[in-house]
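In the two complexes below, subunit A is the common chain; its partner is subunit B in one and subunit C in the other.
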Partner chain A sequence: MLSFLLRRTIHTIFVVFIVTIISFLLLHIIPGDPVVRILGAHATAAQIEQLRHELGLDQPILWQYIHWIWNVFHGDFGKSFIYHEDVGSLMLERFPVTLYLVSISLILSTIIGIIGGVISAVKRGGVADSLISLFANTGIAIPSFWLGIVGIYIFGLKLGWLPVQGYTSPFGDLWMSLKQLIMPVFATSVPNVAIVARQTRSSMLETIQQDYVRTAKSKGLKQRVVLYKHALRNALIPVVTLVGLTLAFLIGGEFIIETICNIPGVGRLLVRAAMNKDYLIVQGGVLILGTAICIINLVVDVTYGLIDPRIRYK
Partner chain B sequence: MSEADLETWPEQGQNKRVSEFQRFLRVMFGRWLVIFGTFVIVLTVFVALFAPQLAPYNPNKVNLREMIEPPSAKHLLGTDEMGRDLLSRVIYGSRIAVSVGIVVVCIAGVIGMSLGLIAGYFGGWIGTMIMRFMDALMSLPPLVLMLAIAVMLGGGIAKVYVALGIAFMPTYCRLMCGEILSIKENDYVMAANVIGAGHIRVMFSHLVPNAFPPLFVMITLDLGFAILAEASLSFLGIGINPPTATWGAMINSGQQYLLTNPLLSIVPGVAIVLLVLAFNLVGDGLRDALDPRLRGKI
Partner chain C sequence: MAPLLEVKDLRVTFDTMNGLVKAVDGVSFTIDKGEIVGLVGESGCGKSVSQMAITQLVATPPGKIVSGEVIFEGRDLLKYHPESNMMRDVRGGQIGMIFQEPMTSFNPVFTIGEQIMESLRLHLKLSRSAARKRAIEVLEEVGIPDASVRINNYPHQFSGGMRQRAMIAMALSCSPKLVIADEPTTALDVTTQAQVLDIMMKMVEHYHNALIIVTHNLGIIARHAQRINVMYAGRIVESGPSEEVFLNPGHPYTIALMKSVPRLDEKRGRQLIPISGIPPNLINMPPICSFKPRCPMVDACQSLSDPELRPVGKNHSVRCHLNISGQNSGTIFE
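Up next, the complex of A and B:
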C-alpha cells in the first residue's frame, strides 16, 4: 500500500510540475511582447521596463521559470491589470461560489447518472434502456450554455417560475438561493449525467457477464443482491475513477453558465479575463485548476486503492 | 492455420474480404439511429458545400429596416438584431462547424497518434515524458485550456484550430500508446523483429494498421465534440471574429432577444445538437461494426 501511495504521489507531483510548465509557457506563446500586450498601447517605456522586471521577463527563460514558480509558491500569481488586484486573492474570493455549484452538480449528476446507467443495463433492450440510451446520446451532444439559455427562456421569461439570473448566498436567503441555483445546476448536470450513465451502463453490462456474478446467481442469491452487492460495486470502479475527467468537463460547462447567469464565481472571472486579455488571471486560473484536478485525481485513486487492492497493483 | 492457407489463394482471400466488408455494412447500418446519423452528417456537409446556392440571402448583409423580425414568408426563420436572415446564417454556420471538425481532428489526430506511437513503441524515459505531458494536458479542464491558448495566441480561426487541436490531442496519444503496447506483444511483431524488419517497417506495416479501428471510432466521435467545443468558444466571443456566422456566436447574440424572437438562439443550438448527436450515433455504430469488444472502452 505504501509503495502504491508513494508511486501515485510521485506521479502526481510530476504531472503538476508539467502543469506548471504549461501555465508558464502560456505567457510565452503570446505573439509579440507580452508586457506591451498586458499593459496596453498607452504604457510608457518606464512602466514597460518595470513590469518586465517584475515578471522577470528580462532574465533567461529557465531563470524566469524559477522566479515565477518561486512567486507562485508564495501565493503571488501577479496582478490583474484590469482589477489592479492580486490574481490569487481575486480567485480565492470567488472560489467558494464555484466550488458550491460544481460540487452540487457533480454529486447530483453522478448519482442520477449511475442510477440511470444501472436501470439501463439491468433492463437491457427494454423501453427504459432505449429511452435512457437516447438521452445519454443526446445529453452529451447538448451544449450546456444553450440548455441554460433555453431554460432561461422557458422557465424564467415565459413561465416566470425561476429567476433569470443572479446569485444569492445560501447563508443569506436560502429559498432565493435555491431558486437561482436550479437552472445553472440543471444545465451543467445534463451532459454529465449522460456521460456517467453511458459509462455505468457499459461497465455494468461487462460486469454482469463475469464468472463471479454467474456463481453468485447459481448459488441461489436473490437477483437484487447479485446485482447491487456483487455486480454494481465492481462496475462502479471505472465510473468513479473517471471522476477527475468528468470534473474537468463539468467545470467547463459551469464556467460558461456562470457567465450566462451572472454568477460571481471563478468561471465568470476567468471568462471575462479571457475576453479582456487579462493574461495573468488566465495563467493563474489554468495553473490553479490544473493542480486542483491533479490532487483530486490523486485522492480518488488512493481512496480506491484503499478499497480495492487490485488497483494498487495495476 | 487453415485461414492463413486460404489467404495464399488470392481469389479466396478477395472473397473473404468482400464478405467481411458486407458484414461490416450490415452491422453498421442495421440500426435506424445510425442511418439517421449518417443522413444528418451527409446533409450538413452538403449544405456546407453548397451554402452560397442554398442560402436565400447573403448571411452578412445588414438590413436595419428588418431587425429582429419573426418568421415570415420572406424570412423563414426571421431576422437577427442587424436584420440579417437567420436561415442563411445557420446555413453558412455549417461551413465553420464542418471545417472546425475536420481540421481539429486532423491536427489532434496526427500529432497525438504520432506521439502515442513513439511513446508506446520506444517507451523509456521519452515515452514517460510524453505520457506525463498528456496527463497534465488532460488534467486541465478542456474549456479552460482552449480558452487560454486561443486568447494567448490572439483570436482568429487559425488560433481556434490550434487551441482545439492541442486540447483534443491527449486522448489520441493515450489510445494509440495503449494499442501499440498491447499489439507489440503479438507473435507476428516478434516474428517481424526476428526477420530483421526495422523500426519504421514494424511500426507502419505491423503496428499502426492494427491499432487503427478504435482510433477510427475516436475520430468520428471527436468530429462532433470539436464542433461542440468550437461552439463554446465562439459563444464566449473568443476565436472566430464577427460578422462570420458561427452557431455558437449566434446563440450568444440571440440571447438578448429571447422575448422577441427566441428562434435566434434556439435554431443554431438545435443545429449543433443534431450534428454532434449524429457523429455520436455514427461513432457508436462504427464501434459496434468494427469490433464489438470495444464497447465501453471508448
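Up next, the complex of A and C:
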C-alpha cells in the first residue's frame, strides 16, 4: 500500500509536470502578445522591446519554462500582468472559493445521483424509474452554462428568488452565501447527477441479477438488506471510478459558471487571464488544478480498494 | 405421517419475447423427513426452476408461479408473500439452498465468515461471537483447513471446491429441515466433485436433513438418493424408488438417459447412445406426449394423446402410454 502511494505520487508529479509543459506551449502558440495588451495599442516599438526584455519574454521558450518552473519550486509563481499582484497570493485567495463550490457540487451530485440511480433500478419500469431516466437523459445533454444562464434569467431576474450573481463567504453571511450558491451548484451538478444516476442504475440492475444476490435472498435476508448491503456495494464499484472521472468535467463546468455568476474563484480568474494572455496566472492555475485532479484520482483509486477486496495495491 | 414437503401441481411460467414458456407444467412430488430425493433431467427441463419456486426465489417478472401448492410442514408456502416474514424465515432457516456456481454464488465484497454469520445471526439469533464460533465449526465440519483463519478470507481467496464446501456449510449452518442442492458439483472438476459430494452427504446424514439433489448426473443419484424424479419438458415423467427406477425404468426417456451414461461394470467397448433430437421448445407445446418427437420407441406407440402419470408399481409411476417397466426394461433397445 505504501509503495503504491509512493509510486502514484511520483506518477502524479510527472503528470503535472507534463501538463504544465503542454499549457506553457499552448499559451505561446496562440496568437496575441501580452506586452501589447499591457502597454496598449499606442506603445512604441522601443517600449515594447523594453518590457519584453523585463518580463523575460525575449528568451527562448525552453528557457522561459525552466525559469518559471525554477521559481515555482522556490514558491514564486510570478507576477500577474493585469492584476499587478503575486500569482501565488491571487490563487490562494481564490482557490478556497472554487474548492468550496466544487466540493459541494461533487458531494451533492454523487449522493443524489446514486440515490436516483438506485431508486430507478429498484423500481425498474415504474413511474419513478421513467422520471429519473428522463431526467438523466436530458441532464447529460444540457451543458451547465446553459443551465446557469437560464437559471439566472428565471430565478434571478424574472422571479427574483435568488441573487443574480456574486459570492459571499459562508463565514461572513451564511444565508446569503447559500442563496448565491444554489444557482451555480445546481448548474454544475445537473449533468453530474445525470451521469452518476445512469451509471448507478445500470450497474445496480446488473448486480441484482448476480448469483450472490440470489444466494443472499435464499438465506432469508430482508429485501432491504439484499439490495442495500449485498447488491449496492458491488454496484458502487464502477460508480466510484466514474465519480473520479466526472470531477474533471465538474471543474470545466465550474470555470464557466464562475464567469457567468461572477464568482471570484480560480475559474473566473483563469478565464480572464487566458483572454488577456496573462500566462503566469494560467500556468499557476493549471498547476494547482492539475495537482488537485491527480490527488482526487489517487483518492478514488484508494477508495476503490476499500470497496472491493479483490483489489490489492502492489 | 405427512411428508415434510409436498409439492402439488406446481406451474411456473416465464414471459419471454417469443411467448409464454411453461417452464414447470404441473409438477407434484413429496419428500419425507431425512429423505434424499434425486431430481434428474437435461438442461432447461425446469428442474432448477421447480426448486427455486419452492422458496419463491423465481425472479418475477419474467417468471411467475401460476398455480400449485407447496406444503411445507403443513403450511402452503405459496400462500405467503415472497417477502413476508414467514417466507424469509423458511428460506435459509428451514430450507437451505446450495447453488451450482461456487465461483459466483458468494458475494465478492464480504468475507466467507461474514456471509455465513449473517445467516446464523438472522435465523438462530446468535450473538456476533457465538455466530463466529459456529461458523468456524461448520467450516471445520466441511473440511476447510485452518477454519478459524480462513473464515476471514474473501471468496476469491478460496478455490472452487472450497467455496462449494463453504456454501454447503452456509446452507446447513442453521440446521434446516430440508436442503435443496441445485447441481452442487456440476461446476467442479471430477476429483473435487467426489470430495464435495461426500462431504455434503456426510453433513446431511449428520444433521438429518432431507435433501433434494438436482442433477443431470445419474451416478450421484444412483449412489445416494432413495427416490428419483425424472423431469422432462417441465413435467415429471417418472418417479419411484431409486433401485426400482434403475432396474426397471418405465419411461423411454429414463432408459435413454441411462444409456447415455458410461458404466464401469459393463463390457468395454459399448457405445454410449446419445438421446437424439433437441429438448422441445416449451412455448405452445402441442397436447401430445412431449417426448414423442425424440422417443426411440415411438413406433410401438399408437396413442396421440398426452399421457398421464400412472402407477406401474409400488410408489413407481410413469408418464408413458407404453407398458415397458417390469420386464427388466433397462436392457431395452440395446
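Quick note on the criterion: the second predicted complex is superposed on the first by the 238 of 314 C-alpha atoms of A that agree within 3 Å, B and C clash if a C-alpha of one lies under 4 Å from a C-alpha of the other, contacts with A are read in each partner's own complex, and residues count from 1 in each chain.
We take it that contacts are C-beta pairs under 8 Å (C-beta built on N, C-alpha and C of every residue); 3 or more make two chains touch, one makes a residue touch a chain.
Being a predicted model, the structure only gives us computed values, none of them experimental.
Novice: Between subunit B (first) and subunit C (second), which, if any, makes contact with A:Arg7: first, second, both or neither?
Specialist: After superposing on A, A:Arg7 lies clear of both subunit B and subunit C.
Novice: Between subunit B (first) and subunit C (second), which, if any, makes contact with A:Ile142: first, second, both or neither?
Specialist: first
Novice: In this superposed model, does subunit C or subunit B come into contact with more residues of subunit A?
Specialist: If we count touched residues of subunit A for both partners, the winner is B.
Novice: State whether A:Ile251 touches subunit B only (first), subunit C only (second), both chains, or neither.
Specialist: Once the two structures are laid over each other on A, A:Ile251 reaches subunit B alone.
Novice: Using the touch definition from the top, say if A:Lys123 reaches subunit B (first), subunit C (second), both or neither.
Specialist: Neither partner.
Novice: Can A:Lys219 be said to touch subunit B (first), subunit C (second), both, or neither?
Specialist: second
Novice: Which residues, counting only subunit A, touch subunit B once they are in their complex?
Specialist: 11, 14-16, 18-19, 21-22, 26-27, 29-31, 137-138, 140-143, 145-146, 149-150, 152-153, 157, 199, 202-203, 205-206, 244-245, 248-249, 251-253, 255-256, 259-260, 270-271, 274-275, 277, 279, 282-283, 285-286, 289-290, 293-294, 297
Novice: Could you please specify the touching residues of subunit B with respect to subunit A in the complex?
Specialist: Its residues touching subunit A are 33, 132-133, 135-145, 147-149, 151-154, 224, 228, 231-232, 235-238, 248, 251, 254-255, 258-259, 262, 265-266, 269, 272-274, 276-277, 280-281, 284, 295-296.
Novice: Could you list, by residue number, the parts of subunit A that touch subunit C in their complex?
Specialist: 210-223, 230, 233-234, 307-310
Novice: So in the complex, which bits of subunit C are touching subunit A?
Specialist: Contacts found on subunit C: 55, 57, 83, 87-93, 96-97, 99, 101, 104-111, 118-119, 122-123, 154, 156, 167, 170.
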